[in-house]
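Look for chain A in each of the two complexes below; its partner is chain B in the first and chain C in the second.
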Partner chain A sequence: MPQKQYGNAAVDVDAEGFMTNQAQWTREVAVAIAREEGIAELTPAHWKVIEFMQKDFKETGQAPTIRKLNKTGVMGTKELYELFPGGPAKKAAKIAGLKKPEGCV
Partner chain B sequence: MEEKKITKVSIVISKGGLDGVYPGLIMANGARMEGIEANLFFTFFGLDAIIKKRMGKIKIATVGNPGMHMPSLLGILPGFSAMATAMMKKTMDKLDIPPVPEFIEMVADAGCKLYACKATVDMFKLKKEDFCPQVDSIINVGAFYDMAAGGHIIFT
Partner chain C sequence: MKKIVILGAGTGGTVMSNLLHKRLDKAEWSITVVDKDNDHYYQPGFLFIPFGFYTKEDVLKEKSKFIPKGVEFIIAEIDRVEPAGNAVALADGRRVLYDFLIIATGADIAPQETPGMLDGWRDTIFDFYTADGAAALAGKLKTFPGGRLVIHVNEMPIKCPVAPLEFAFFCDWCLRRHHRRDTIDLVYVTPLSGAFTKPVASKALGDLLDERKIRTVTDFSAERIDASARKIVSYDGREVPYDLLVTIPTNMGSEMIERSGLGDELRFVPTDPATLQSKRYENIFVIGDASNVPASKAGSVVHFQADLLAENVVRAIKKEPLEPAFDGHANCFVETGRRKAILIDFNYETEPLPGRFPFPVVGPMPLLKPSRLNHMAKLAFRWIYWNMLLRGRPIPFVPARMKMAGKKRPEAG
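The block that comes next holds the complex of A and B.
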């Protein structure tokens, strides 16, 4: 299984760089993945999304859709695209240490 | 060798009815989710999806639609189309596929640009005010090709 080195931490990832072992996730790892994805700094708004995604993933086994983030009042679509430019659902899931979202929306 | 990534798509929605408008909406939204630049061009009955009065009432065609897997004769029963639409909407909602008006808002918020086809607008005697606010402008086919330059065009 491929591994990636983020600072002192070595984490297991899939072919596209999504973490495969959630236990290896730390906030430091998240910051490093975010940088790799072109997000220089994780703001409180980023963390709000990341933490909700992790909580929802625990409950459902799936990364939440953008619509769920809207409907639950976590964050609007526009803001999500501003926070995670170039694909919020995928990028936020990656930073949160979750597997790649499977749905089409 | 890695294939060159798609960076821009312009999607034409030309058909009305749920099965006419959803594929294009899903493809446009999916493009934005992948960081791909996306434009939506609504033409002919596809315009229903962005007409304020119509966008919330789009149904699945139960007559003359072989995809329904049932005799068309059943489809003409009063309320049948409404029932089939309600069932489908319920399933879609569970999959987080939003109803048309919400989907239009979502895809626009995601940064997709929406355009209405001038020829159809003239033909149906529509005005800019008839469209939802997410519609950027009414453009002719030449302007559509200009806007689509450098990307792929998908016709649905």
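The block that comes next holds the complex of A and C.
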């Protein structure tokens, strides 16, 4: 199992850098992953998304889709793209310490 | 008399009616199947229609012909499921009570989900995920003068995630045969980061797109379509212009699922991925595209699910623990043009890998590599579908659960 060093924390990740052990996730690790993904600072809006994703993952066992973030009123798609440029669902899941989103098989 | 009700007489509903009819005591159990119409389409055949290889008639039979005698088949619109009352309300006011319910209502395209998509619908924007769409596209391709043809996947998950790739390969092949390839620019636009989701297959299929000079635009999530200016616009502001857009619109479950309050945000029913039991109701099971399990939405998956689900329905009836046996197995022939096809075989845990199928070394079918034999097998599958698969007859050498034998993991790096 590959590992990655974020500050003092060593975390287990898969081949694409998604964390495989959620217990190793901390807010500091999230900040470090975000930097690596090109997000210099995690604002309250970022945290709102990250925290919802973690809560939803706990309930359903899957990272929520952009559509779900929309439908549950967490955030609109346009804004998600501004916060997590490139691929909001994937990036936010990575920062939240979740496994790679399923649904795309 | 106790009752099993199956909603939907597509692949999943039809196979389940056949399997359960064989297994259940007819003195004790009755089976009812409900569907809104009597048209059973062989959906893998839709791909062949735009290119004139098949017509609509080649892929259509009557649903009732595949429902076993002794099973009641009601043709009616379903209004909703009322899980609290163990009842299904039909749009004409009838109510059908059940002891166990199997939801097999599938998935369909929802072009209205993308702003602007319907503006150019069947004018410069086409689908091939419906029989009518595929037939309309056949007419359009015949007269298309040339320019930029964009193949577009709007949002995952979609039914048969390899179909848009097959469509791209067929376009390239047909245009080359007609010496028109240099008049048409082929572009493949996808919300994924590559040609396919899983790394090894994504590389193999991506290489094939490059080789055929099909340009790919990845990580593209369409916000809207500007049909008058003929361009797709992404959420991050990128634009892809087109002369002809062949799109796979967002796929969603039946509206009936939403009316019943049973679905997620795409109207798919939250389902246990291993037992296929609804996560909310013990006496509801879900098969095929209607569920939210993270397996491909494909007929082969339904076929593998059916054997295991029939077993679990029998167990549920006997109040025995369910067997968590479904492993996400899918087995797909991917047409790559030039009378060749790639075969992929995979499940929840194991991505499509190279090797041989179904037996190691002798195969005879190669995995993840274009071959004539795979293409022949794909064409032969239509017969197998109507005559074996729908009737619930076993297909030799292809077990419900995936086998590792014959597969090779490529060296890392």
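One rule holds in what follows: the second predicted complex is superposed on the first by the 103 of 105 C-alpha atoms of A that agree within 3 Å, B and C clash if a C-alpha of one lies under 4 Å from a C-alpha of the other, contacts with A are read in each partner's own complex, and residues count from 1 in each chain.
One rule holds in what follows: contacts are C-beta pairs under 8 Å (C-beta built on N, C-alpha and C of every residue); 3 or more make two chains touch, one makes a residue touch a chain.
This is a predicted model, so every value here is computed, not measured.
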Could you look at A:Tyr81 and tell me whether it touches chain B, chain C, both or neither (first, second, both, neither)?
both
Does the superposition put A:Lys68 against chain B (first), chain C (second), both, or neither?
both
Of the partners chain B and chain C, which touch A:Gly38 in the superposed model: first, second, both, neither?
neither
According to the stated criteria, A:Ala15 is in contact with first (chain B), second (chain C), both, or neither; which is it?
second
Set of chain A residues, in rising order, touched by both chain B and chain C:
65-68, 70, 77-78, 81, 85-87, 90, 103-105
If you look only at chain C, which of its residues touch chain A in the complex?
155-157, 161, 192-193, 197-199, 219, 221, 223, 235-236, 264-266, 270, 292, 294-296, 328, 330
Across the complex, what residues on chain A touch chain B?
65-68, 70, 76-78, 81, 85-90, 103-105
For a test of understanding, state which residues of chain A touch chain C in their complex under the given definition.
15, 60, 62, 65-68, 70-72, 77-78, 80-81, 85-87, 90, 102-105
Touch list for chain B against partner chain A, complex
26, 29-30, 32-35, 95-98, 105-106, 109-111
